Structure formats: C-alpha cells, structure tokens
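These are the structures, in structure tokens.
The two complexes that follow have chain A in common; it is paired with chain B in the first and with chain C in the second.
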Partner chain A sequence: MLPSRAGLGLKPEHFRNILESGPDIGFFEVHAENYMVPGGPMHHYLGKIREHYPLSLHGVGLSIGADAPLDKTHLDALAVLIDRYAPQVFSEHLAWSSHGDFFLNDLLPLPYTATTLNRVCDHIDQVQTHLGCRMLLENPATYLEFSTSTLSETDFISEVIRRTGCGLLLDVNNAYVSCINHHREPGAYIRALPLDRAEQIHLGGFASQADANGDPLLIDSHSAPVAQDVWALYTEVLEQMGPTATLIERDNDIPPFDVLLAEVNLADSYLVEAGGQRE
Partner chain B sequence: MTDYAPRSLADLQAGLQNYVLGDGVSDDILSELTGGASDQSKRRLHIYHSGYRSRMNEALQSAFEQTWAYLGDDAFDAICTRYTETNPSHSPNLGDHGRNFPRFLQQALSSDPEIAELATMDWRLHSAFDAPNAAILTGEQLANVGEAQWASLGFVFHPSVSLAQFEWNALEIWHALDQKQTPPVAEKLNEPVGHLFWRSDQRSYFRTLESDEYAALKGLLEGLGFAQVCEQLAEGYPNTSIDASIGTWLARWLSDGLLSEVKPGPV
Partner chain C sequence: MSEQTVFASALLDPAQPCPDGLRAWNGSDPNQRFAVYRNNIVVSLIDALAATFPVCQQLVGEAFFRAMARVFVVAQPPRSQILTFYGREFPAFIDTFSPASSVPYLADVARLERLRLDAFHSADVEPLGTEDITGVLSAPPRLPGLRMDIHPSVAVLQSRFAVFSLWAAHQQADPGLARVDPLQPETVLVLRSGLEVQCIDIAEATGVFMDRLIQKETLSQAEQDAKACEPGFDLVAALTLLLRWQIITSLYPGDEHGQLD
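What follows is the complex of A and B.
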C-alpha cells in the first residue's frame, strides 16, 4: 500500500532534480504506457527514483471499458513493468480507449448497463488474475452520458468493486468535473461511492470552456493547479475517509518542480490535519 | 415515435471511434446520447474529436521538435493533422505515433526535401533515446581478441545506433534551430553526407561521417565481417590509408559506446 502521504506524477523534466535534491514526497506515480519502451533514460531514471520512493503505476491505455477483449500484449507489458518496479499499487480507468486496431489515446465514456457491467467485471477479473494483484479503478471525467444507461455511475462503480474485489481510486477532480458538466452535486456523488474501498486519491486541474448554452463545460486537462473548489471537496473527502495517499497530477503545461512541490505540501498539510503523519 | 433499438457496445464504440477518427459528422452517435441531437450534445462530442487531434499533434511536436520549429506552429499543425488522418494511432504509447512521419513528409512536402530530412534527424534521435539497453564493448575486451579471429569477426552494434544519408543541409538547419537561431536557406549538398545516431550515457547524439567511415559502418551494421569491410574500403578508397583510419575509427566507436560485442565469424 502507498503511504498516506501526498505524491506527485513523475515527469522526465524532473528526473535529475529529484535524484539530486531528494525532495520529501510520499510517492511518485507514472503512466505505465510511457514506460512501454525497450530501454534508455526513462527506465534508467525510474529505476533510480524507485530505489528511494514508493511507486504508483497508473495505466491509461488498457481500455477496460472496451467491448473487445483486453490486449494480451498490453497486459504482458504491464506485468513486465510490475515485475521490474514492484509498484505499491496499479490502477486503471473506468473508460475505453481503443477499438479494433486503433488507439484513440483518450479515456472515452461507456453506457452503464447490465451488459457493460458484466464486460467491465470480466476485464478487471482478467487484469487482476494476469497481474497477480488487486487493481484500483478510477472514476472517470466525462462530457457525455448515454440515454441507454440504466445504472448511475456510482452504482455501476460500487457494483464493479463489490463483484471484482478491486479497490477505488477516487479522482476528486474527475468527480467535480463530471458533476458540474452533468449538473450534479459533487459531494453527493462522492458520498455514493464505496469510500471504504478507496486506497488512493487523485487531485488535478481542469480547463473551463463554454457549453452550447453558455454554461461552464469543464475539461479534465491536467494542465492547471488544483482548483479551490476541488481542494474544498478534498478536505470533505478526507473527513469521511481519513488520511489516504493523494496524488497531485499535472501532465500538461508542466510548471517548475517547486510549484508542484508546493501543491504536494499543501495536500500533505491537509492529510496531517486529517490525522495523517509525515514520517 | 422512431423504431429504435439500443446498439450493442461494440457498435456504439465503433460508431464513436469512426466519429473521432473521421470528419466529425456525428449524426450516427447523437441518438445514443442523453441530450439527443442537441447543440449541447454536438458540442460535447466535439471535445473527443478535437482532443484526439490535439493529442496526436502534441505527440508529434514532442518527437519532432526542430521540424516543428522550422515549419512554425500553423504549418506544422496543418501537416500533422493531414498525417494523422492517413496514419491513425495504433499504439497505446503516443511516442510511437511519429514512426511514419518522415516518410509521409517526403511525399507530402516533396518540393522541400530538407523537411523530411530534418524530421528523419528528429526521429532517429527520438528512437535512439528509447532503444533497448545493451552491453558496451570495452577496449580491453577488444584487445583480447586473438589475431587469428580478426580475419572473420564482425561486430554487434548497440541497438541505438543507426545511419542516415542526407542530400540537403538538414544538419546545419537542425543545429541553428537547436540554438534558437534563424536557420540557413535550404541547399542541396554537392554529394550525400552520412550521419550517425546513437545513445550514450542517457543522451542521444549524432555526428556527420566522412564517406569512408560511413561505408565502413554501413557494411558492419549490415553484418559484413571486419576483414570484408576493410577489403571493400581498400577497393573503394584507394587513396586512403585504411589501416590508419580503421584504427582511429575503432577507438572512437569504442569511446562513443557504439559497439556492443564482438561477433565471431564462421569457423
């Protein structure tokens, strides 16, 4: 398990800085697909950083929500990474990203029905068996909903977790983005999730665009600091869940390391307030 | 009332994928969405359509930094969009998306051939960066090779090593752009010039090669034995002292980490 500390998404531009300065950060998280390369600096630096920090391996391309069978090659590549880096946790998304031979390299939504529930559960069972570990499932950020859905997203996720035994990766930013986009109350959405099964939290920033009627339409861009509303929601979540490993995500418009470290420290201070301890 | 039956998940995902990869005509998908055929549904669907192109273009910006700098934002963006239309992503790793980009530029921008050469430089450096790790042959290991073996041995090169030949002054252009300076005007060279790409100590490198060193490396990389390559060089470059040159080259190849192991020849 990851420590109940704040962690940071690991970016190549920060490799050397981290190794030279050894910042006090609870853990690092990497996107698994970025390390599906044969060799070179990505593996060199991750190996060195892993010697000093716990690691979260986060998949962004397994396409768990796809109708098609999981890509065995992709699963094998994940198994190799898990064997090589022994991460404390592996997580993926409730979404799909490929169909047939094509990769959209995105996290697309799926309808929530009995059929898709069975499909997602089958895929998660397969992942957990193949990788020999429990995985965490992340709640998605969505812009669309399907008229064919017969279950709410929270009921769908709860049932997946109940059936497969996987854990929850609660992305507070995703919850906020989706709820604003679909006119729901984020606090109620989060309370409807099985928080007792949450083992990790994600915090990121969003971009705001205008919907067709002029309302805000939030995009899960990971290109901005965590928004005030999301910090507020996070502190409510910690009151309910207690201290839980929390990742600061920034994948675009990446600022200097110190700027991200300040966000990590802020999350750490909330974790301490919630009863966590910095080691 | 329309006679409507929900689609299967496979059909729905194929439809959404066709929409994202295609020209953005969404009629096929709208009936599946909560908002139906509203402006709001179209607006939201479009996020996935434009997001795919943005991600692919950003991946190409990252892998083809100097090609991007040479073309400028608008022209690079436009050619990337054209590329992605005919070369959709087939990999979960966005770093793979540019694999066919230099070849595409060769045809799409055939009146400016230096651009495809610039992209080839970018891609070779990118590929060297992620190439498999391998052992590096040391001078001591090479010194231990018995004299009799030299007649038949070859070399296994580090997997990051590759060669390219350019007909234009792509190298000068690349250097200028790398220094944030105005690049020189594109000019065709008097004769094609070979370039070597490799990775050492976690960084990608390149350098230009004289034609005899290019010929030597090309032969060895293609699997020819050392003695065979020396013979070919003696024939092809009668005015060069091959013995002196090959000694200098070998020392440099060793110190640059180009060689991985000695490959024994046929007994």
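What follows is the complex of A and C.
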C-alpha cells in the first residue's frame, strides 16, 4: 500500500532536483510505458529515486477496454518493471488505446453493456494473474456516451471491482470532468462508486471548451493546476473515505518543481485534516 | 466491422463523420465532442515528434514542422505503446515529403536526432577497462583477427550534408547558421558516455571503420575497408577514439567467439 500522503507524477526534468533536495513527498508515480526502454538515464534516476520513495506504477497503454486480446508483450514488459522496481501499486484505465496494429495514444471510451463488462473483467483477471498482484482501475474522463450502454458507469465499475477483486483508483478530476460533460452531479457520481475499495486518488487539471450547443465541455488535459471545484470535491471525498494516497498529476505545460510541490503540500494538509477527523 | 474498428478509423480520418450511436446529454452534435478525441491523438503524437526532433523543428519553423508531422502521424500512427520509439520512419518520410525538398539536409538531421534518442535509451553495458584492452592491443599477432562488441548506444551517421555542424549550431543560443556550409559532407559518431549522449564529428573513413566493428567484422577487415574509403586512414587515431570514449564492451581474439579471459 502507498502511504496515505500526497504524491507527485515523476518527470525527467525534475530527476536531479529530487535527488539533490530530497523533498518531503509521500510517493512518486510514473507512467510505465516511459520506462519500457532498455537502459540509460530513465532507469538510472528511477532506481535512485525508488531507493528513497514509495512508487506507484501507472499504465497508459494496456488497452483493457479493447475488443481485442491484451498484448502479451506489453504485459511481460509490465511484469519486468514490477519485478525491477517493486511498486506499492499498479493501476490502469477503464479505456482502450490500441486497435489493430496501431496505438492511438488516447484513453478512448467504451459502451457499458453486459458484453463489455465480461470482456473488461476477463482482461483484468488476466492482468492480475499475469502480474501476480491486484491492480487498481481508474474511472475515465469521457466526452461522449454510447446509446448502446445499458449500465451506468458507476454500476459498471462497481461490478468490475466486485467480480475481479481489483481496487479503485478514484480520479476526482476525471469524475468532475465527466460529470460536467454528461450533466451529472459529481458528488452523487462519486458516492455511487465503491469507495471502500479505493486505494488511491488522482487530482489533475482540465481545460475548458464548449460543445456544439455551447454547453461546457471539459478536457482532461493534465496541463493546468487542480481546479478549485475539484479541491472542494476532494475534501468531500476525504470526509467519506478518510486519508488516502493522493497523486498530483501534471503531464503537460509542466511548471517549476516548487509550483507542483505547493499543490502536493496542499493535498497533504487536507489529508492531515482528514486524518484528524477520522480519529 | 466492430464498433471499435469504426471508431478508430474515424479518429484518424477527419473526412469521416463520427460513428453512429454516440450521444450527448443535451442532444448536441456528437461530431464536436468526437473531435476532442481526434485532436488529443493527433496533437499528442505531433508533440511526441516535436520532442524527438527539436533541431528539425528549429530548421523549418514550428508551423511547417507541425504541418509536416500531422501528415506523418495520420499516415503512420505508432505501432508501439512506447512512444519514445515513435518516429523511426520519420526521416524516410521527410525524404519523400516534397514541401521539405528545399531543405535537403532535413532528413539527415532527423536521422541524427533519432539516433541520439536511441542512444539515450540504449542498454546499460559496462565497458571493458583500459587495462584489459591495452593487454590485447599490445599483442600484435592477436590483432588482425580481433573482433569486438561495441556499446549498444554507438551508431554512425554518414551524410552528404553538414549534419553535425547543423546540429551543433542549434545547441547554441544563436545558431549562427551563416557559418555552416550545409553542403559539406560530414560523418557523426553517436554514443552515450555515462548518462550523456555525445555527437562526435569524425572522418568518413573512421565512420566506415566504426561501422564495420559494430557489424562484428575483424579489426583487419575494418581497417581494410576504411583504407578503401581513404588511403590515409589512421588506425591508431581510430583506436584511440575507441579507448577514449570507452565503447568496447567485449573483445574476441582470433576467429574464436569465446570471451577473453
């Protein structure tokens, strides 16, 4: 398990700073695919940083929601990383990203039906068996819905977790983005998820656009600070769940390290408050 | 066709309408929402190419580079989830991209940038110590049949253009391109020394020599091919380069393939 503290997405531009200054951060998270390289600085620095911090391994390319079999080579590459770095947790998305011979480099949506439920459960069973560990499944940020869906997203995720025994990675930003995009109440959406199975939280920033009717369309861009509404939702979540490992995610327009550290410290202060309430 | 096949095909072809069966809560046109996915994919892949080929982008400007990259992304999407490997075919694509033909050296600069990234991520293999190497080199009868393993980061790029000088100029705040004659042929040795990738401007014959060693040819064959390229090829200088950058990882004397004890 990760400590119930705030963590930060690890970026190469911050490697040296982290090793030199040893910031008080609960854990680091890396995208697994960035470390599926033979050698060099990525492994050098992650190895050194791992000596001092807990690690969350977060996959973005497994394509669990695909209508095709999982990529065995990719599963093997994940197993190698898990063996090498012994992360406290491994997580992936409720989405698909590969099709045919191509990797589409985005987290694409799927309809929620009995068929897709069986497929996602089979894939997660296969992942957990192959990797020899439980995984966490992250709720998606989506921009469209399928008219063929017969289950709500929260029912779908709850059933996947019940059947496969995997855990939940609650991305509060994704929940907020999806709820605005689909005109739902974010608090109710989150309460409908199996929060007792949530082992990690993600917080990130979004970009704002409008759809063809002029209604808000939020984009999960990871390119901005965590929004005030998302912080507010986060504190409500902590009241329900108690302190839970929380990642500050920033993958684009990456600011200086101290700016990210300030967000980490803010999350940590909410976690301390939540711990106080729990006692 | 499966639902995802239709979805994936429409993602990469903006001329196609978005798939049937998609909806929004307010009944708005799903095409505009589908466009978010289209944009995410294409822009993130263009960004990945821009990160791999920064000097190419400087040479042609951001607008031209991104327009060119967009054509490549749609024609040749990645086949691997490991995005750092994306763009191996980009230099060959540039060769065929006629709007870039007025910058004939662009593809070779892209080749150099791709080799640098491959060197950056190449496997970690300990070089042989200088003592082990000089011990073998000081036994002349064992030299001609000597073969060696060269560090996996090492590659040679032989170009009709001043690919090293162009690249090096763009590592400066002011590229000062006026001083580079792009039509001067150059050969570059790419390697990783410790954690740093190095580009070294070498003679064409030295490039031939290095390339033959990488191909596991014997020292005498490598020397012979280098001399065919340039009769004045300096073997001692080339060996000194190998030692200085510590890029020999194994030595195999004679025709044997067992590792030196």
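What we mean here is this: the second predicted complex is superposed on the first by the 275 of 279 C-alpha atoms of A that agree within 3 Å, B and C clash if a C-alpha of one lies under 4 Å from a C-alpha of the other, contacts with A are read in each partner's own complex, and residues count from 1 in each chain.
By our rule, a contact is a pair of C-beta atoms (placed from the backbone, for glycine too) under 8 Å apart; a residue touches a chain by one contact, two chains touch by 3 or more.
Because the structure is a prediction, the values reported are computed rather than measured.
Colleague: For the combined arrangement obtained by superposing on chain A, do chain B and chain C clash, or do they fit?
Modeller: With chain A as the common anchor, chain B and chain C collide in the superposed model.
Colleague: Name the contact category of A:183: first (chain B only), second (chain C only), both, or neither.
Modeller: Touch partner of A:183: chain C, not chain B.
Colleague: Looking at the overlay, does A:258 come into contact with chain B only (first), chain C only (second), both, or neither?
Modeller: neither
Colleague: What is the contact status of A:146 with respect to chain B (first) and chain C (second): first, second, both, or neither?
Modeller: Touch partners of A:146: chain B and chain C.
Colleague: In the overlay, answer first, second, both or neither for which of chain B and chain C A:67 touches.
Modeller: Touch partners of A:67: chain B and chain C.
Colleague: Between chain B (first) and chain C (second), which does A:76 come into contact with in this model arrangement: first, second, both, or neither?
Modeller: So A:76 meets neither chain B nor chain C here.
Colleague: Who does A:102 touch here: chain B (first), chain C (second), both, or neither?
Modeller: Both partners, chain B and chain C.
Colleague: Please indicate which partner A:38 is in contact with in the superposed arrangement: first for chain B, second for chain C, both, or neither.
Modeller: In the superposition, A:38 contacts both chain B and chain C.
Colleague: Which of the two partners, first being chain B and second being chain C, lies in contact with A:24: first, second, both, or neither?
Modeller: Neither partner.
Colleague: Do chain B and chain C land on any of the same chain A residues, and which?
Modeller: After superposing on chain A, chain A residues 33-34, 36-44, 60-62, 66-68, 71, 74, 96-106, 108, 110-111, 143-148, 181, 211-213, 217, 219 contact both chain B and chain C.
Colleague: Quick check on the complex: what are the chain C residues that touch chain A?
Modeller: Listed in rising order, the residues are 2-5, 7-8, 11-12, 21-34, 36-37, 40-41, 44-45, 48, 77-84, 120-125, 152-153, 192, 195.
Colleague: In the complex formed with chain A, which residues of chain B make contact?
Modeller: 6-10, 12-14, 16-17, 20-21, 31-34, 36, 38-45, 47-48, 51-52, 55-56, 59, 88-95, 128-134, 159-160, 199, 202-203
Colleague: Which of the residues in chain A end up touching chain C in this complex?
Modeller: Contact set of chain A toward chain C: 33-34, 36-44, 60-63, 66-68, 71, 74, 96-106, 108, 110-111, 143-148, 181-183, 209, 211-213, 215, 217, 219.
Colleague: Give the list of chain A residues in touch with chain B in this complex.
Modeller: 33-34, 36-45, 60-62, 66-68, 71, 74, 96-106, 108, 110-111, 115-116, 119, 143-148, 181, 211-213, 217, 219
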